[in-house]
Amino acid sequence: MKLHEYQAKDIFAEAGIPVPESRLATSVDEVMEAVEDIGYPAAIKAQVHVGGRGKAGGIKIATSEDEAREAAEDILGMDLKGYTVEKVLVESGVDFENELYVGITMDRGEGEPVAMVSTEGGVDIEAVAEETPDAIAREHIDPAFGLHPYQARKVVYEAGIPRDVAGDVASILSTLYDLYESKDAADIEINPVMITSDRDVVAADAVMNIDSDALFRHPDLAEMEDEAAEDELERKANDYGFDYVRLSGNVGIIGNGAGLVMTTLDLVDHYGGEPANFLDIGGGAKAERVTQALDMVFSDENVDAVVFNIFGGITRGDEVAKGINEALESFDEIPKKVVVRLAGTNAKEGMEILNTDLVEVEETLEDAVQRAVENAQEASQ
Amino acid sequence: MKLHEYQAKDIFAEAGIPVPESRLATSVDEVMEAVEDIGYPAAIKAQVHVGGRGKAGGIKIATSEDEAREAAEDILGMDLKGYTVEKVLVESGVDFENELYVGITMDRGEGEPVAMVSTEGGVDIEAVAEETPDAIAREHIDPAFGLHPYQARKVVYEAGIPRDVAGDVASILSTLYDLYESKDAADIEINPVMITSDRDVVAADAVMNIDSDALFRHPDLAEMEDEAAEDELERKANDYGFDYVRLSGNVGIIGNGAGLVMTTLDLVDHYGGEPANFLDIGGGAKAERVTQALDMVFSDENVDAVVFNIFGGITRGDEVAKGINEALESFDEIPKKVVVRLAGTNAKEGMEILNTDLVEVEETLEDAVQRAVENAQEASQ
Amino acid sequence: MSILVDDDTRVVVQGITGGEGRFHTEQMVEYGTNVVAGAVPGKGGEKVNGIPVYDTVNQAVEEEDADASVVFVPPAFAGDAVFEALDTDLDLVVAITEGIPTQDMAKVNKRLGEVDTRLLGPNCPGLITPGEAKLGILPGNIFEAGNVGLVSRSGTLTYQVVSNLTDRGIGQTTAIGIGGDPIIGTSFVDALELFEADEDTDAVVMCGEIGGEDEEQAAKFIAENMDTPVAGFIAGRTAPPGKRMGHAGAIVSGSGTGTADSKISALNDAGVPVGDTPNEVAEYVEDFL
Amino acid sequence: MSILVDDDTRVVVQGITGGEGRFHTEQMVEYGTNVVAGAVPGKGGEKVNGIPVYDTVNQAVEEEDADASVVFVPPAFAGDAVFEALDTDLDLVVAITEGIPTQDMAKVNKRLGEVDTRLLGPNCPGLITPGEAKLGILPGNIFEAGNVGLVSRSGTLTYQVVSNLTDRGIGQTTAIGIGGDPIIGTSFVDALELFEADEDTDAVVMCGEIGGEDEEQAAKFIAENMDTPVAGFIAGRTAPPGKRMGHAGAIVSGSGTGTADSKISALNDAGVPVGDTPNEVAEYVEDFL
């Protein structure tokens, strides 16, 4: 789960990391009030879950009232990679000499967190990681001990951070790790840490993603979740709690288990179709979940046909069949053809229950996908 | 550093461990006010750093106003193993069915903390440990991970704690470990945890000793230090920051390093004398510390003669000699004969500086001790 | 023969009194698994399906001489449950639970380096030695005893491939779901090593998916250390870069590693044919035998 | 010959810019110790006595190819400093600092089990191989090269015994102060094992004190594993039970173990004569040789 910059900065500030003075604003008037308090130059920054906001025009610096108003008008309400900007952070402009990068994430290969520090801040750090990996110093963290103070210093000196601010940067890194651990962050980073002309260090940006599986430990963070998603359907999937990704094709896909659903997508492609979505109803789905899943794919106007592929382990075929029947019986006319394939636990019982007036049934995955692809081709003609 | 029961209970209560209702009182009137609030039965408990307060008459249960007043009058001001009782804790009497023991301390053999739980609470746990060690269940704690919840449950079930309160006791143990770690405790224990007739668990006593070396991290705890010591001289040693133990003999002993000072004591005994004290001036002592040390032993009226034994590593013989001279030159007459033996770093320089009008000098430890023992014997005749 | 479990394996079920634990214990027992105990704090002395329940895993292991545990404990407590299991003489701990916080697993991972016990999972379907024992939630009826080992990151995809094998009359020595979480106890390489050492495993199927580099490492291991032939499948060829699909493993970073292409070509380079469909994988295996 | 250090040992001083660190570095260098670097965060690039200072121990070890470090860092930061040293390729870390919080040391102790580096101390005077090198604060002038190994829990008591030996013309291979704290890196047994393996050590002196059970364990080790004769001394015979005398080690619990009597009789049972005075210990050693 992603936090907005303003939310992460509040958390950073409370933990003692220096951040610029700022106000959150949701209207041009609020922006103007904020800049009056904060003064010029001021940065007006779109608060949306999108990377590269700056390049996309979501961040502007204002040095006068006119510029501030123009920036506010431009940014508020703009569409940024599919997200509508509803909030901006108005922040005191920092007069900086250097921009650094500091961050912590989980190294899944090693199974432990890794702290990263670089003097190449303020740019796309993933590009730096690929092009000049040596420009980023890394230090692995034993999760039982946490980040030792010496490790924070070590990685900061290794990265070549100027000696006069090395202690301050190490201290920020230590605080970041405390937050990473205590808030169950998946990633936490500041890009850039700015070094001012007074040689102070300031967190000019703030990224903090929380491990969704750990949100039960952090009700305060769970409340911060902003469900503004790219797409109405993805928002709906969030509400239902599905793993869902919308794609550009016309074959709607429902299945259980990420690997099997991805395989179904791959097979749709293999047989000449185009997947409209990834939708994993998860393990042990009951009838209600199935109804919700069908609602999802039917709501997608791009979908011309649906394949429903369940291989039951925890998930029981009869429950799925019941859900399919219930969902489809509520329609006067089935909006899109549905091919169902049930296998595994209680698959036989499920097949017997299925109302074949409403759905087509296939025994193998390959046949089910092929039929759905054909159905989609027919429907789109 | 020892905390009083009332201090530890405040900390326990804040951490969520159930403790009986209580008030601290320093006068009979305050005790009477407290019992009025709390009701009967009430326990009146001396707040002194002494084990076995109950047996020594420092804890009384009052079931009426008369009894409360009598207990308050008895306990306040009483001498408990050398300590004068100045404060009592007035506490609601707990109606209990069982008494348990839970505690955490450092197992120095293993180099890690150990949690201990027993159904034999309310008695001298060290006697239990010696007589029926199996009555105490133990669980070692990896200091990097801390006490896992399963470990708290494991040791509680192993100890045979009744199943209906096992969860509560495990939870108290987990909280104790959190305190043990976050407060840098050396030992932390509750003896007894009482199980009431309603099957609630209550911490009826509270022991918490803090690692003195870690007090710099806990200024709040450092402030709680109660320097009430058995003995005025030990109090003085506390003020000076010496490791000092008063003993019953008449040969005053000053030295550097615990092992060497103990050896000096042993030699005094070996040569037929009786040590009056253990006084370690520590490493790197300068002139002022030497003066303070001499002040200590001269202030002890039992002392008839003094041996001053320094083997310099960090400690420099010339500094020590200067201190001895300064201290002794301030007297019109030296109160007790002092034998000095300097060896190691700058010992020669020290020997040259020493004012042999004021002190006797010996080259070997054995000779110095023998001479001091003789001096003491002469002086006491 | 088989790897890791057989009908002698004595199993403790952690969380046996919960809904999932109870249901799958029944299923496991029905399949023939020797479930000897349950472990649930506060439920010691109870019985589930005639199986004695203990308050701690330690008691269960000591009293019933167990070799392996299966963890059906809810995610908030599952990390602790795995630690508890690792603090005993068990040979194998199978963590079925989905949704264990990653930092809890990082600590478990550290602990794994200090003990001899093997962890499978979490967020995995478990493992099965057909006709002998299953530890986990795999649907027993689709498996058949035979001479092919199977290891997979995905549960339902495993079932799909197994059914393609079984349809052709090809049985399995053991099938293992290693789980799709970022941090897991048993990797592809670990499982492949066990299959290579198993005399009765004549071929191996490995089902990977996009994300991470475990498949690439497995390819390296196969090339360097394996004589037993391996057929592969990689799910997620059509997944667009940067999209997270289901479990944490299934995300393509957009960079060179972790993509379906990089995995498939690594496997091909190691001599491993990779099927376009699950059925094609079964064909490759048929050719091996 | 010697154990642990000799004139080839390349030493880093952690905390070299502090008062103690600076003073004892001078002393060590004067004694002949090969001090190749200092390590102090924020002081990288400076020099102390011509010795280059680095910001991190890692840099110091890599740049100067060091083998050992000596820690003169204040107690609040010393635990971290020891961790830092253990995270390098050093063979030996000598922690002089007194007053490190016990729980910091418990964590260090855990880490020691994961690395190959040896820790000596903390709260110890260090060690010396007379005529070659000293790492720590021992007064070099009282030692003389020879064939007796010495290991002691107490600093100044070590000096006393050494001077009794040296007075008799008996020199030392290496003298080690293991420190008196509750948790230390190198025990009596560890040191005795090294001396037993050292061809040039013909006899060993072991100076213990009341508290703990390390001397009892050492007695057991001597009885079972040592051919080299050992003479002992135990300080604190006259200490009253329950009194804490100086460092944490020196406390008698009042129970059977940890008392001077239990230690002396354990040593005697292991064939180790225990002197009533330091001088008597030197006499025993003279008899051995």
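The chains carry the letters A, B, C and D, assigned in the order they are written, with residues numbered from 1 in each.
Note that a residue touches a chain if its C-beta (ideal position, glycine included) is under 8 Å from a C-beta of that chain, and two chains touch if they have at least 3 such contacts.
Bear in mind that the values here come from a model prediction, so they are computed numbers and not experimental data.
In terms of the distance between Cα centroids, subunit C is separated most widely from B. Each of A-D and B-D has its own count of C-beta contacts, and the greater count is at B-D.
Computed centre separation for the pair subunit B/subunit C is 55 angstrom, with centres defined by C-alpha atoms. Centre to centre, using the average C-alpha position, subunit B and subunit D are separated by 28 Å. The distance from the centre of subunit C to the centre of subunit D, with each centre set as the mean of the Cα atoms, comes to 50 Å. Across the assembly, subunit B contributes residues 142, 144-145 that each touch 2 or more other chains. Each of residues 107, 111 in subunit D touches at least two other chains.
Taken as a contact graph, with one node per protein chain and an edge wherever two chains touch, the assembly fits none of the named shapes, being neither a line, a ring, a star nor a complete graph.
Working note: touching chain pairs come out as A-B, A-C, A-D, B-C, B-D.
Contact residues of subunit C toward subunit B in the complex are 41-42, 44-45, 55-59, 77, 80-81, 83-84, 87, 107, 111.
Of all residues in subunit A, those touching subunit D in their complex are 145, 148-151, 153-154, 157-158, 163, 166-167. Residue ranges on subunit A touching subunit B, taken from their complex, read 142, 144-145.
Note for the complex: subunit A touches subunit C at residues 106, 108-109, 111-113, 126, 130, 142-144, 181, 184, 186, 211, 213-214, 216-217, 243, 245, 247, 255-263, 265-270, 275, 278, 280, 283-284, 311-314, 343-345, 364-366. Subunit D makes touch with subunit B in their complex at residues 20, 75-76, 98-107, 109-111, 125, 137-139, 141-142, 152-160, 163, 180, 182-183, 207, 209-210, 212-213, 233, 235-240, 243-250, 255, 276-279.
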